[in-house]
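Letters A, B and C name the chains as they come in the text, with residue numbers starting at 1 for each one.
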Amino acid sequence: MVQRIREWIEIRTGISELVRSQLIGYMVPRNINIFYSLGIVAFVAYIIQAITGIFLLIYYAPHEDHAFKSIQLIMNTVPYGWLFRLMHVVGSNLMVAVVFLHMLSVFFLQAYKKPRELTWVIGALMSLITLTFCLSGYLLPWSQLSYWATTIVTTMPTAFPVIGDFFTKLLRGGEQVSGVTLNRFFAVHVAFLPPLMLILFGIHIFLVCRIGFSSPPFGKVIEERKEWKEFRPESYPDGHPFYPYFFSKEAFMIFLYFLAMFFIISFAPALFLPADANTPADPLNTPEHVRPEWYFLAPYQMFKLIPNKFLGIILQITLVILFILWPFFDRLKENNILKRPRLLVLFLGVLSLWAVLTIWGSY
Amino acid sequence: MGGSYYMGFLLMRYLISMIIFFSLISISEGGWKDVFKKEFLTAPWGKGPKIERDVCIECHTSEMIKSQYREIPSEWRKSWHYEYRVACHDCHGGDPRDAEKSMSPERGFVGIPKHKNVPEFCGKCHIGILENYLESDHGKALKTIGKGPNCVTCHGSHNIQKASIAIINEGLCTRCHSYERAKSIKATLLLTEKKIKEIYDSLKTLRSRLIYTEDDDKILFRTHVEFRALFHTVDVNLVKDRTDEFSKRLSAIEVRVQKYFQELEFRQNFTGIIMFIFIGLCITVFLLGRKSE
Amino acid sequence: MKRRRFLKLLTSILGVSALSAFTYPILRFLTPLKAKGKGESIIIAKREIPIEGAKDLVIGGVPAVLINRKDKGYIILSKVCTHLGCLVKYDKEKLLLICPCHAGSFDLEGNVVSGPPPKSLEKFQFRIEGDNVRIG
């Protein structure tokens, strides 16, 4: 019976040919390592967010009077509502972590070099959208934490002369963070960002598949590489087949991701939900120690340190643009970072600066 | 190669000119500084907006005033009232924004209430407690012969702390009468107070483990307050008679708290099992992958 | 090759159990919630409550009060103060609901008039059926 169904489908779709050419026939470099699977882990992380997000949407009420109550309902009353909420909350943090790791490894492996500049730019934009997802989703529970963290973040644009005030009002939908803001952020979170993300994701994946995996610049191999004068997919005639060789590595990493998620949910469910996240928003009462989520701590601390706020925000915007367009600034052909001490120092320097600012910001 | 080099050069130049351009604006544009002050210096970045200064405090910390009154603001800053943003005028009336009229009777200013009038002074807010107090022997004594303990006698005035059973102690009670009756009331209260504290702690634990306990918090607070109010009648028999009723109400909360703890245990077991499934998957997939190498 | 087959079998068993560990919660998640206090309806005769009179009720475990307001008709409000949860009392002279704990006061629409409460009292739905007021 199963055989017949298989045949029926096979005749109409020719899937086995696709599997042969795209999965088994698709060769990955011989010395490929585990870091190349972080992209697919990030993808799975998004899928988990999307699915759990849809489930939360069933009971969530996007209104200032009902939002917190509906979260209470999900956590206390709805059967397994807590599971989906915690998966969404823990997942959002892990997703950011995976995206960061993905970017770091791509940088370290110099995989953004010609002809993959576009892939990097699209990826960088996606990471910014990820952070926007986090920012907008953060307000939705309408807790003390989400209310005041959003107040701080939406204050930042006022550092801009002339248009800053207007922009902040635009974000908040008024003078203060209010129910109007909640509705705006909700719309952004569930309706505006997902299709945008999907489009960028489509382009990203298209580019990755079209150009092919880059090969690690380290180790024994690396034949003399030809200059890219015209388009050609990267080929590894002596490489490993994608399926099952690299596929099993990817599966391992995905399961590891789930493992980390459920480890946190089981043993530290409140890791990302401190006490202020469990009290309803009170616009008249600022809690002590308001600070943004861990992934925003470094930019937040930097912003606090620079006395001229306008300069601070300009600097940050400059850095973001530099980050997005990085492949166009780094134009040397050498793709082994270990042979480029200055770039290596820059990389490690930025990394440790980020770490220092994060730790500093959390006090 | 040359093309991309040129492009990088252009981008760098563009960025630098952007920085210079906006910095110039930031210097020339004056108005935004006020916005900055408003949003960054006064906006609450950390601490809650507790009342730090008003006309009352201004005057009462200055040299103009008698030294015995100068202590009041710092006393008050240590109090439970300060913690919850209850300011001078909330009890004493008057206008904390208008120095001229701040102590004018037209604005409802009440200075130091007479010993006999203290219960009504506090009872403006603590309505329920006032009622019970007036029924008590303490209250009756104060109202009839003008002598007897009022709120301040036990709770103090400006540095008022969260009430606790420790207030009933030999030192305080024996200032007026023997400690025996007070001791027997305290003994009766003790068990119930202990139970109330335990439930508060359990609810706090539940909250920290992401169970929302708002409804039970309110029921417990209500029960606790009614129990405290009962004590203010200083009637041993009444307290004894109604202790049963209170422990029943508390037990009802305890049952729900226990249920929540069981639910939490179930949750942990459930996600723990899922975690182990993924550990298993990691291992098998790892082994399978190694084999195919 | 025997070991390999065993590993594959184990992987699929674990995969299926992981999948079912998610399917069951999803099904439970989507089953309709039991309505609170369903089927218990409270009926009160109108004549029990004179104009500006009030009657205490318990609706689904929540203490509430039914007030017959002059000119404005009936209203049912929760008695649980939104500040810390003490039970408010109906004051017939002042036409206010006053909390005995910290003197929070609410008008007969449930809105905060003074004191520390952060929001209005909860309202309950009811229907008027002839000579009766019916809740639920």
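As a convention for this text, contacts are C-beta pairs under 8 Å (C-beta built on N, C-alpha and C of every residue); 3 or more make two chains touch, one makes a residue touch a chain.
These numbers come from a predicted model, not from an experiment.
Using the average of C-alpha coordinates as each chain's centre, A ends up farthest from chain C. The interface with the greater count of contacting C-beta pairs, when B-C is set against A-C, is B-C. Inter-chain spacing, taken between the CA centroids of chain A and chain C, is 39 Å. Rounded to a whole number, the gap between the C-alpha centres of chain B and chain C is 25 angstrom. Looking at chain B, one finds that residues 274, 278, 281, 285, 288 touch two or more other chains. Shown for chain A are the residues that touch two or more other chains, namely 83, 258, 284.
Among all residues of chain C, those that touch two or more other chains are 18. Taken in their complex, chain B has these residues touching chain C: 84, 124-128, 131, 217-219, 221-222, 225, 229, 273-274, 277-278, 280-281, 284-285, 287-288, 291. Residues of chain C that touch chain B in their complex: 3-4, 7-8, 10-11, 14-15, 17-18, 21, 80, 84-87, 98-103, 115-116. Contact residues of chain A toward chain B in the complex are 71-72, 75-76, 82-83, 86, 114, 148, 151-152, 155, 158-162, 164-165, 244-245, 248-249, 251-252, 255-256, 258-259, 262-263, 265-267, 269-270, 273, 275, 278, 284-290, 308-311, 314-315, 318, 321-322, 325, 328-329, 331, 333.
Put simply, chain C touches chain A in their complex at residues 18, 25-26, 28-31, 33, 118. Residues 1, 4-5, 7-8, 11-12, 15, 18-19, 22-23, 25-26, 29, 31-32, 35-36, 39-40, 43-49, 207-212, 214, 267-268, 270-272, 274-275, 278-279, 281-282, 285-286, 288-289, 292-293 of chain B are the ones that touch chain A when the two sit in their complex.
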